[in-house]
Amino acid sequence: MTKKNTTINVENKEQYKKRSMWAEVWRNYKKNPSAMIGLVIVVALVLIAVFARIYFDFDTDIVQQDVQNKFAHPNGEHWFGTDHYGRDVFTRVLYGASYSLIVGIISVSISCLLGSTLGVVAAYYGGIVENIIMRICDVFVGIPSILLGVAIMSAFGQSIAVLMWAIGLVYVPMFARIARAAVLPVRDQEYIEAARVIGVKDGAIMVKHILPNALSPIIVQTTMGVANAILTASNLSFLGLGIPVPAPEWGAMLSESRNYIRDHGYLTIFPGLAIMITVLAFNLMGDGLRDALDPKLKK
Amino acid sequence: MSEKDLVLDLKNLNVKFVTEDATVYAINGLNMELERGKAIGLVGETGAGKTTTALSLLRLVQSPPGVVECDKMEINGKDVLTMGIKDLESMRGKDISMIFQDPMTALNPVFTVGEQIAESVFLHENCTKEEANQRAIEMLELVGIPGERAGEYPHQFSGGMKQRVVIAIALACHPQLLIADEPTTALDVTIQAQVLDMMKNLREQYQTSLIMITHDLGIVAEICDEVAVMYAGTVVEKGTLEDVFNHTKHPYTEGLFNSLPNINDRKAKLTPIKGLMPDPSNLPEGCAFHPRCPYATEACKQPQHLRQISDTHYVVCDRYNEPDFHIEREEK
Amino acid sequence: MIRYIVKRILLLIPVILAVSFVVYFLMDLAPGDVVSMLAPQDATPEQIEQLKEELNLNGTLIERYGRYILDLLHGDLGDSYMQKRPVMELFAERFPATFKLALASQVVALLIALPLGITAARRRGTLIDGASMITAMIGVSMPSFWLALLLIILFSSKLGILPSGGDNGFASLIMPAIALGTSQAGSLTRITRSGMLDVLSSDYLRTARAKGVPEKTVIRKHALKNALIPIITIFGSNLGNALGGAVAIETVFSWPGVGRLTTTAVNQRDTILATGCIIMFTLFLNVTLLIVDIAYAFVDPRIKAQYSK
Amino acid sequence: MKRLFAVLMCLVLVFGMAACGGPSESGETENVVTIAVADEFTTFDPMETSAEANQIVQDLVFDMLTDTDLTKMENAGELLESWEMVSPTEWNFKLKEGIMFSDGTECNVDDVFFSFERGKEHSAASGYIAKMESWEKIDDYNFTIKLVGAGDVDFNYTFAANQLSVFSKEAFESMPEEDALKVGTGLYMFDEFVSGDHVTLVKNEKCTLYPQTNVDKLVFKMIPEAAARMIALENGEVDMIMSPDATDYERLRTTEGLQLLEVTGRTQHFICFNQKSPNEFITNPEFRKAVAYAIDKDEMILAAWDGNAVKSTSVQCRDVEFYVDLEGIPYDAAKAQAMFEELGAVGQTFKLVTSDAAHRVKIAENFQAQMAEYGITIECEFMQQAALMELCTSDGTTSGTEIIVMSWTPGKNGDYMYRNTTHSTGGRNYAQFNDPEIDALIDKAAGCEDKEERAALYKELQETLTYDIVGWIPIAQHQIYVGSNDRIEGVLLHPALVHSFKYVSVVE
């Protein structure tokens, strides 16, 4: 098949140099409608989370009960109905956004930072260091993540901080593997050797010369990781090991709704939809970023 | 002209690829005829549309985005244009078959080479699986690979060996017309010679007609009876070896010869054709070659016409309307 | 090949030891212990002492772990504190249910993913492709326990056509398998599609077509066998995910599997049972991955050649 | 691809065959009763467990010397014909004659003593055995027991513990333990146990202690989700469900063919204060009283049990011996507000811990919401039951707990509750009592042979604890429910969840 001819004239060349890699990525990203939908949803969720935190008062709007008015099905006053304490489900779902986002983003930041560092260090030093790090990763990858999460949550108690660490730690090996695989081909390149010869410190070489090569897969994995982390967090909350009540975490709301599925199905539907939309948005974003960062991979 | 025994008769082939961004005009009004038993070389730069032409003949141009239009396309006397998918499938591999450029990727990695040859035989010849396997082994031996290696997988073969396997597959059902798409480009020079030699012998043995797609004029000289020079999706000059090599008419053909190193005069400077192939989504008006042509005039921006120089020699260049026009190469 | 398998199995030993260490110590860190769960509410201090003796809970953490490891090296996972039965026996009793569920969910996932992924790849860029991929993405994004609840609301509560739980025959397997399989189907569809796309644009398919192989055969024989390679790779880790992800599903559907057994053990501080179950899970997961790698070799002759080196 | 699909379809079929093969072989005329339980049954051995989920099943296979008669709610002989307290330290017992084990041997004193000896080896039972100094056989049906220390005027209650079930000595001596554990005097025998799924009992034709019923098979099916149990009952998969959720009570009451059985539970739920806490508000009885005035228990009951609980006004449970109906500290928001302000408690923050059990969470959340109205902030922490137990029974000065939502299920006799939860040496002293006067009162009451004097002592105890000390604020005893269809009858509910299915029969 005939390829499109890419003649570059001189003026274009100038523009190309000035335009940074990120502008290029953004240009590619913008072209992808589903990725843009994902981005819009994520931005909207962040706004909702911030708005809910400012607008609603935790003690009165979220915790306060109105037992007389429980199980009001969705209506004009309570869009998503009320729960078994007569609390407004719509308010709680909005407020819950902040928990999912915070847990998702912070726990993935933990795994991303730890994992990428381990991966890059393993790849850079090689030999026994690499062996030890990667074998430890193998061990943790081998344990089903939910069960590991359950064990960690039991050991350190239920709180949002423990939850973030638990999920963060569970996904460290994945990031380590990705980072290592991405920088491995660079390790033996001559410019690294050259940097070492002129006395650049190991740390500097890793950060300046090696890490950038792993950036694309790590960014994609981070975005997708947020989606995964939110799912895992809601799963743990569902098992009663996540963020403690009365915090309106979506998974916990689902767990509470279990006894009422027969007559009050709406209690199950809305928090679940919220989880699904959030996770979907991050997945769409991750997918779009993958395509944007590496147009060659675009399928 | 009409009583010729033509194995290929192609009139006014147009292929375009329609995508969101642009429409790429890959083949523009291409004509080609080939007599039974003859070999024609299809020469041109990368991107001239040689492979697309070949795929069009097999009706394997991906659609979408490809759109194939043609006035007449007959292979071995059968009208390929109106054929149903079943007939097309029974035609491919039997009447016409093709050798692809890159032997490294042309073979399916999960089947043994024997299976891949036998599959073709089994599909087209009315025979049992055993007979097909037997034939596959014979074919392997024919292309110089020990028959016992039929049970091996492609990754166990070297590049040259793989190309032999590809050739074995293509020739397994003794097709009337064989298209070889740069069969030796991916191979070492020594292997190239072996493979070419083998192809020449086999072609003579089976009386197969051949379209040899290449950018290497040397190969054409060795194997072909006729030459068609392609530029920007159309044939600009066509004739016998003698016609095109010694009585070059078209400025582009001349450019091609000039960019070859001259063994007799090693001090002579190479004169490459200046500029690049035009963007096929945005072809120049008239003769597609005129922006690069040293002889170009204003008239070249008008649609060009086919001009018959002799019984066998054709050229598409309206400068020959001027009685005393000639190109430099002719003077020598 | 055999040497490769033996090597992989030997590599499992340190993994198992490390897993036992991590889980045992985590469980010990957890506040509360099994004694307070087991003792009657009016237990005397003597009873509590006796209970500790019975459960072999005396000594420091290191001593207890030491005893545990010694037993483990003899292939003995100990007796559950709560249930007073060998962990191995309990695991063996409950594992088939979980395995059946995990396998059934993979069947569901394949039944959804293969047609969807292949169609999407062949109709690449069209509306069908987009719709398939969005469907797949929604599948991945849906919490499986949520889908499980929705299925129960619809099929058990509203329609009353499927049993709401338990492991009683084929009908009871349908909903858990769908709930667990759908999220797996999502990733599998994507893998199938991209694998299929790689294959569809490959030269060897053109070769096959050029030699007159009918289009159906091209897809089903030449393309699928190659596209199967990434699908098989993901199958192993998917089965593992299904085993782990089954925990919530088992609770929702009263499924008598090991996921529920393990979480109950953790909640009740049944260290021995929890550690044992997680070890067995890990072992099973790794063996599955090994089997997948071997299956891989049978589909892809290039890999087979690598193993025998 | 076709082949792949064929393989997949085969797998589906195999699952189908494997799954359908099982249960269909049971005969047509058998009466099978299926009961959906919430918690997992784990062991056949009564001496290994004190979980109700096990006891409810074991109770049908084994019998004890005495048992709670659930129709009259009092202790009565089961294997015992009669007993006599010679003194608080010496008791005479007489077994019923002609009670047969399922292996055909008769139950006699040797079997009882064998069971005592076996009990020594098992921690769950050894506490009860330790109360006895010696036991002596008089003849095959009569024996005498000497108790340790000052003895126990309520000793007959001890024998109602499931952990002291009577085994067949003969069976244990002639077969492996796991088989011997299936031999009992009960109405049913163990048939099948699928871990995590169900346990099946079949009728013991040889049972003479209880009248034979028309139920051939009793299946206990484990369904942890309340909603799933309800759906199973409605769809006819089970005949009876334990602990339906509050939202389903109305439906069970009103639906044709279904019924709701209830009994007031003996479990008291309370809000407990750590009296050894460094927090001076918590250790101040006036503050604790103010909280007691502040709580609207009715609202709390509505939130936690949908109103299906009996409000508690005293620290003691209602159907325990020597219970006195006190008025307790009433709900008085104005008074509470005034007291809080006087104490300077408004604006303070207190810590509350409890387990993640649904009703406790609901009580805690409601408490939090109620206290917020007085300007007092409650920070809730939820932990797993095991963690909570350890925290609450450890030293109160360092445990860091302030307020705890807890519950407690006493035995039938008066002493049991006071000794375990309010005596300074009690094993479940959640409120961290350390009051020599209370200890002395408890000890005095326990050794008192005169019934009236005892009653007076327990009244004093109850009043002091409820009005003056307020170690905990009693909230409620919740109703215990069982849902069933009208195919079966004869279930006897137990206030501490060990319901009896001995008289269950299928309505003809």
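Going by the order they are written in, the chains are A, B, C and D; count residues from 1 in each one.
Everything below uses one rule, namely that a residue touches a chain if its C-beta (ideal position, glycine included) is under 8 Å from a C-beta of that chain, and two chains touch if they have at least 3 such contacts.
Since the model is a prediction, treat every value here as computed from it, not as a measurement.
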item	value
Shortest chain-hopping distance from chain A out to chain D	1
Per-chain Cα centre nearest the global Cα centre, belonging to chain	C
Identity of the chain that, by mean CA position, is farthest from chain B	D
Leader among chain pairs (count of C-beta contacts)	C-D
Separation of mean Cα positions, chain D and chain B [Å, integer]	89
Chain A and chain B: spacing of chain centres that average the CA atoms, whole Å	53
Centre-of-Cα separation between chain C and chain A, whole angstrom	22
Junction residues of chain D, two or more chains touched	225, 227, 231, 383-384, 387
In chain C, residues with contacts to at least two other chains	30-31, 152, 157, 251-252, 267
Multi-partner residues of chain A (each touching 2 or more other chains)	154, 157, 258, 261-262
Footprint of chain B on chain C - complex, ascending	202-215, 222, 225-226, 299-302, 305
Residues of chain D that touch chain C when the two form their complex	1-2, 4, 8, 11-12, 15-16, 18-20, 22-23, 40, 42-43, 45, 48-50, 122-124, 126-127, 130, 163, 194-198, 221-225, 227-228, 231-232, 234-235, 237, 383-391, 393, 408-409, 411, 416, 419-420, 427-428
Sites on chain B touched by chain C in the complex	58, 60, 85-86, 89-94, 97-98, 100, 102, 105-111, 116, 119-120, 123-124, 153, 155-156, 166, 169-170, 172
Partner chain A, residues of chain C touching it in the complex	14-15, 18-19, 22-23, 26-27, 29-31, 124, 130, 134, 137-138, 140-143, 145-146, 149-150, 152-153, 157, 193-194, 197, 240-241, 243-245, 247-248, 251-252, 259, 262-263, 266-267, 274, 277-278, 281-282, 285-286
List of chain D residues in touch with chain A within their complex	225-227, 230-231, 245, 247-248, 299, 302-303, 356, 358, 361-362, 365-366, 368-369, 372, 377, 380-384, 387
